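In what follows, chain A forms one complex with chain B and a second complex with chain C.
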Partner chain A sequence: MFDRLFYREKGLFLQSLHPAAVLVYLLVLLILSLVYEHPLYLLALLLLVALLIREADGMEAWEGFLKAGIFLMLVVMVVNPLVIRAGKTIIWHGPAVPFLGKLDISLEAVYFGAASSLRLLVVISIFCLYNLVINPDRVLNLFSRVAGKSVLVLTLATRLFPTMVRDLQRIKEVQQLRGVDFDTGSLWQRARKYSGLYNVLLLSSLEGAMEIAESMQARAFGSGRRSTYSRNLLRPRDLFCLGSSVLALLAAVWGLHYGCGRYTFYPEADFLIKDGATLAVLFIVLFYLSVPLLLSEGWKHCRFLKSKI
Partner chain B sequence: MPLFKVENLTYCYPGTEEPALKNISLEIQEGEFLLVTGGSGSGKSTLARVLAGLIPDFYGGRIGGRVFFKGKEIRTTDRRRLAREVGMVFQDPEKQIVQNSVEAELAFGLENLGLPLEEMSRRIAEVSAFMNLSPFRESLTANLSGGQKQMLALASVLAMQPHVLILDEPTSQLDPVSAEEILNAVKRLNEEMGFTVIMVEQRLERCFHLADRALLMDRGEIVFHGSVREEARAALSSGLPFVPPVARFFAALNFKVVPVTVKEGRELLRSHLKGNPAPALAATSPPETAAPEEEQESAISLKSVWFRYPEGPEVLKDVSLDIQAGQFTAILGENGSGKSTLLKIMVGLFKPGRGRVYVHGRELGHCGFREVRKFTAYLSQNPNDYLFQDTVEDELLFTMRNTGVEDRKLVDEILHRLQLERYRRRNPRDLSSGERQRVALASVLVTRPGLIMLDEPTRGIDLRLKTELGHFLREESAAGRTVIVVTHDVEFAAEFAEKVVMLGAGRIVTAGEKHAVLGTSVFYSPQIGKLCRGICDGVLTLAEAQEHLGPLLTAKPAGLRGEQAVWG
Partner chain C sequence: MGINWGLYTTLIGILAVLVLLSAMEKKGGLDSRQVAVIAVLAALCAAGRAVTGVGLLFLQPTMFLVEMTGFVYGARVGFFTGAMTPLISNFFMGQGAWTPWQMLCWGLVGVSGAVVKVLFPQAGNKVLTAICFLWGYLYGAIMDIWQWTVFMRPLTWQTYFLTWAAGFSFDSLRAAGNLLFSAALGQQTLKILQYFHKKMDVQFL
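Then we have the complex of A and B:
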């Protein structure tokens, strides 16, 4: 059930990128999604990330992420208009409520709530994209030179987590056939049933941990200074991605310096397209950020490009 | 100078007074293939860990005597140097893989040795090619099959280029075809590359013939060591079961020289039966104890069952099957063929995508397992999934409480039948793997269910316990209970089951009376079946071979039999 939310090797172009290139790219996307206030810019980022998710064959996984984030988005959209009084265009005069005072819902507050939800959607989608295109093992490999032991612990955790999910499912099945009904009884009774389940998992995991440790010791782990095996190859495609990410960030910073990407919600919402510069900067930033998407499409359809990148 | 020299070795695990190894003295020569066998708790795995330098370094405990490797005491040998020289592969591939990707796993040991990147790349490329792992280098370890995982475990040790390879039951979790691949690789390493191999193994039919020398252990002591042929004779004369079926067959007929391979056995049989043809066993005849199928009630019936996991490929495809009440059925097939899934569908844990499942004539509805658990015992692959109570008795009472069974006499009865009375007040987690298996079995059988379904019950248990389990299940079947066992163990299925179902890629390849199914298979055939194939068709078990071929072979004097052996 959780499998589709995690990384799965599909032989995609985006998965073949150097983890450093993807990390930088996603970091730029994340920074921009947090810095931009303009709804149009956020919408453009969402569109781009959605296309990338589709390119990574992850629409189903995205659905899973969105389901998890939808509650938060609703909270933001509902709470913001109720508590913010800065808007000028009142669209509904509500009754007085203890603690909150008079419930006057303004158009600007609704607008700001929607834009904040949009930002949340973009951030969630970026994390979804991360899960789809980055092999956690390769990211850890990237950092193993500087933090070898911590990386190994994380690697083991990422390897063993799906195994533990499977074990838990199996133990639950076994207990169900031994007469345990996990969905009946009071809260206390259910908690007791689940504690038995986790007890088995803990005992078995501890025994399993000893076996893994023994296998590690047999392969000289801890016998002295380790070296690092790097499996990540740097290809032209990685340089393109890195370069375009840096250019996108520079263009965005330059634009923000001149107010492109900023937006005023209160007391009165700004025009969506104030001037030509707003669109021009958006176009430039979006173009640079689209490079991985364009390369992926080219990789699929153009033999020449495929052989060159 | 011997490669290993062990002098008066005695070892006790921490917190125990009973030695796991008693006064062991032994020499192992370079390039040798040594087979270490014996029952559960005989100390064979402990000895392997001593030779790998893991005892007492990793386990602690008290150790007496001395162990030398290349003339130097092993305890004073630098651990990194020892790991470069001696590699060890363990039983469970799941419990020895550390990394997420195949390539990273191959590099793990090399990183620990501190090798430079170029050297690591070269070794990984070499070992991947040798072990046929190159196509999987970029794959995630979680996506490999059981056989591939064990191959990877072996490869990651080989990448460290040791001179000695110690293997602790490396094929016990694998289907016969995957096991054969591992053993072939080990054979090549020994014969073509000069590796010294020390293999701990209980399924002797697979590897007896590969070894130069065998070591038989019992209760921490070496009972015998010598050539495999001598071991066969010594084990049989001491009444120990640690002999492959072919050798057991000829030794029981007092042949002077005992063959240890199917090839040798067949040559011997042919030379003896010349002009004296053996009557073929009626291959499709049902066992005498089985009543005609149409007279029996159907315990489980599957009609065109299809199943797929979410996001996964189809695991079961159009499976239709009838299992009669009181029948002992074995389900065989390669890893990933859908055997365990089929069992879970029968027991109501999974609902088929299409098709119907009937248990005792009633279709399994939405409640699934809740409808059948009162009269069903289900044992998963891992007995540890069952053990979390403080005592063995509590483990049984837990099931009884949940299913509303109150008769405490049932606890005494099942503990007695499974020979667990003396462990009644012990914590189940303190018991050996074979004992844990029996406790898990007791915890599901305590309600006296009519339907017994076991998933790989012979995994990791020794020949004696396996035989006891087989007899127990046969008795249950004779008492009218339906027994269904999913297994890789062809020998077990041939010996004890009545009906065999063979699954391949999610479909039933063949199903029927065991002689009809196993007698016609090459890879899924017991060793006695392979011995008698084309000579006395249809024979699968030792008892059948003795009954049908014994009189023909014993017609000649014993001395003559020995002299006529073509390989003697």
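Then we have the complex of A and C:
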């Protein structure tokens, strides 16, 4: 598990985008998923992200993310109806409970809990998408200009991570050859054996840190301003993505100004589709947001488009 | 519903982490030894968090190490080590909206170690163990703030309490893990870290 990153290079269109373009696009998606209260809008976002995840060939990874999110979803769905008293349609008159007061479950509260967990689903899926399409190395490269040392620490640590897991294995084998049996003895004895393992690992890695520091010093680390070098191309496809993300955000803000995307749950839930404007704004925002998806499809099936972007 | 707290807390988390990291990096500048030690300790912590996070649920031998790093090496190294721990382990476990807040919490764990050093310079493993135990719950309580503001309405003490209560068993596991590991391994860890602290402190004349 730890000899490979979560990210896999698959040569997909979405992975070939400039990291800044993808970051802006995902940030817009995240902001919209947190701002929108309308269940229909959240559902549309979820659909879009699901399609993108399929495009990034990540249905299995998505399954893992969703499994991890189920507990949180359950909490959200249970807690909200238990405490919200603003709903008008009471479906169950519960007993009086200390601290919480009278347990009256209203339909609106259940509805709101469901909508909230839908939002949770969208947020989790957006991050699943992030992990699928962005190479962490390229993101770090992007930030190395502004925060060189943090990125250096991060790169060093990420590189040391698998080494450490391997070191642990090696130390364990050496100890076993010397007669330490990790599988026998009481729990306390076993814990003591493992703590010896940990001490050796800590000592040897810190010793290694000193060596790394010396070799960095020998390579003139910290002797002056740092030079940076970036090979990320900004291609037309990145400009399309950046532009459409900004347009989507603007359209969403404009729509929110006129109340499209807002939704009142209490005291009585609003109509799902109040007027034509709700649908129109949803359509516009979704169209702009689906540009990367459309480009990806075009890249696969249309040679002319592929040559142009 | 007026103010959208979910959006704000998420953005506040991201901004706070960015500002703190860049401010700590700019101020004075880290030398090569500090960079290397931070990287190694962060990798160690991340490995501990990722390996045991999967195997032993929340019993992780990590928080006390961050705490002690802050105690021995000071607030800056402590914060960096702490903040990098979730970031690195999440490269393997999956990044998310939770990452900035986790970084903030872990960074604070490191800073708290340095605070202990300032307040009680003679503090031993027992004091640190007690603080680690408290952090097990405090960490859960801070992380719940994010979850609460994003997914719960209305934002009252009751909803917060329920969110916290839902995670109480996990928090207890984490606190118990901190207590066990810190009590068992703290003394030696402190000794090793202090030995390297002396070794690092080279003055060029």
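The rule is simple: the second predicted complex is superposed on the first by the 236 of 309 C-alpha atoms of A that agree within 3 Å, B and C clash if a C-alpha of one lies under 4 Å from a C-alpha of the other, contacts with A are read in each partner's own complex, and residues count from 1 in each chain.
Simple rule for what comes next: a contact is a pair of C-beta atoms (placed from the backbone, for glycine too) under 8 Å apart; a residue touches a chain by one contact, two chains touch by 3 or more.
Here the structure is a predicted model, which means the values were calculated and not measured.
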Quick one: chain B or chain C, who's touching more of chain A?
C
Let me test your reading of the model: by the given contact rule, A:Glu63 touches which partner, first (chain B), second (chain C), both or neither?
neither
First (chain B), second (chain C), both or neither touched by A:Gly179:
first
After lining up the shared chain so the two structures overlap, which partner does A:Glu268 touch, if you call chain B first and chain C second: first, second, both or neither?
neither
Does the superposition put A:Val153 against chain B (first), chain C (second), both, or neither?
second
Which partner does A:Arg226 reach: the first (chain B), the second (chain C), both, or neither?
first
A:Pro136 contacts which: chain B (first), chain C (second), both, neither?
both
With both complexes overlaid on chain A, does A:Leu34 touch chain B (first), chain C (second), both or neither?
second
Footprint overlap on chain A, comparing chain B with chain C
1, 136, 152, 156, 158, 163, 199, 203, 208, 212-214, 216-217, 221-222
In their shared complex, at which residues does chain A touch chain B?
1, 3-4, 8-9, 135-138, 141, 152, 155-156, 158-159, 162-163, 167, 170-171, 173-174, 176-181, 196, 199-200, 203-204, 207-208, 211-231
Flag every residue of chain A that touches chain C in the complex, lowest number first.
1-2, 5-6, 30-31, 34-35, 37, 64-65, 68, 72, 75-76, 78-80, 82-84, 86, 99-100, 112, 116-117, 119-120, 123-124, 127-128, 130-131, 136, 146-147, 149-150, 152-154, 156-158, 160-161, 163-165, 168, 191, 195, 198-199, 201-203, 205-206, 208-210, 212-214, 216-217, 221-222
Given the complex, residues on chain C that touch chain A span 1, 4, 6-7, 10, 21-22, 25, 29-33, 35-44, 46-47, 50-51, 54, 61, 80, 84, 87-88, 91-97, 147, 150-154, 156, 158-159, 161-163, 166-167, 184-185, 188-189, 192-193, 196, 199-200
Seen from chain B, its contact residues with chain A in the complex are 52, 54, 57-58, 78-80, 83-84, 87-88, 90, 92, 94-101, 103-104, 107-117, 120-121, 124, 138-143, 153, 156-157, 160, 310-311, 344, 347, 349, 369-370, 373, 376, 378, 380, 382, 384-388, 398-399, 401-404, 429, 443-444
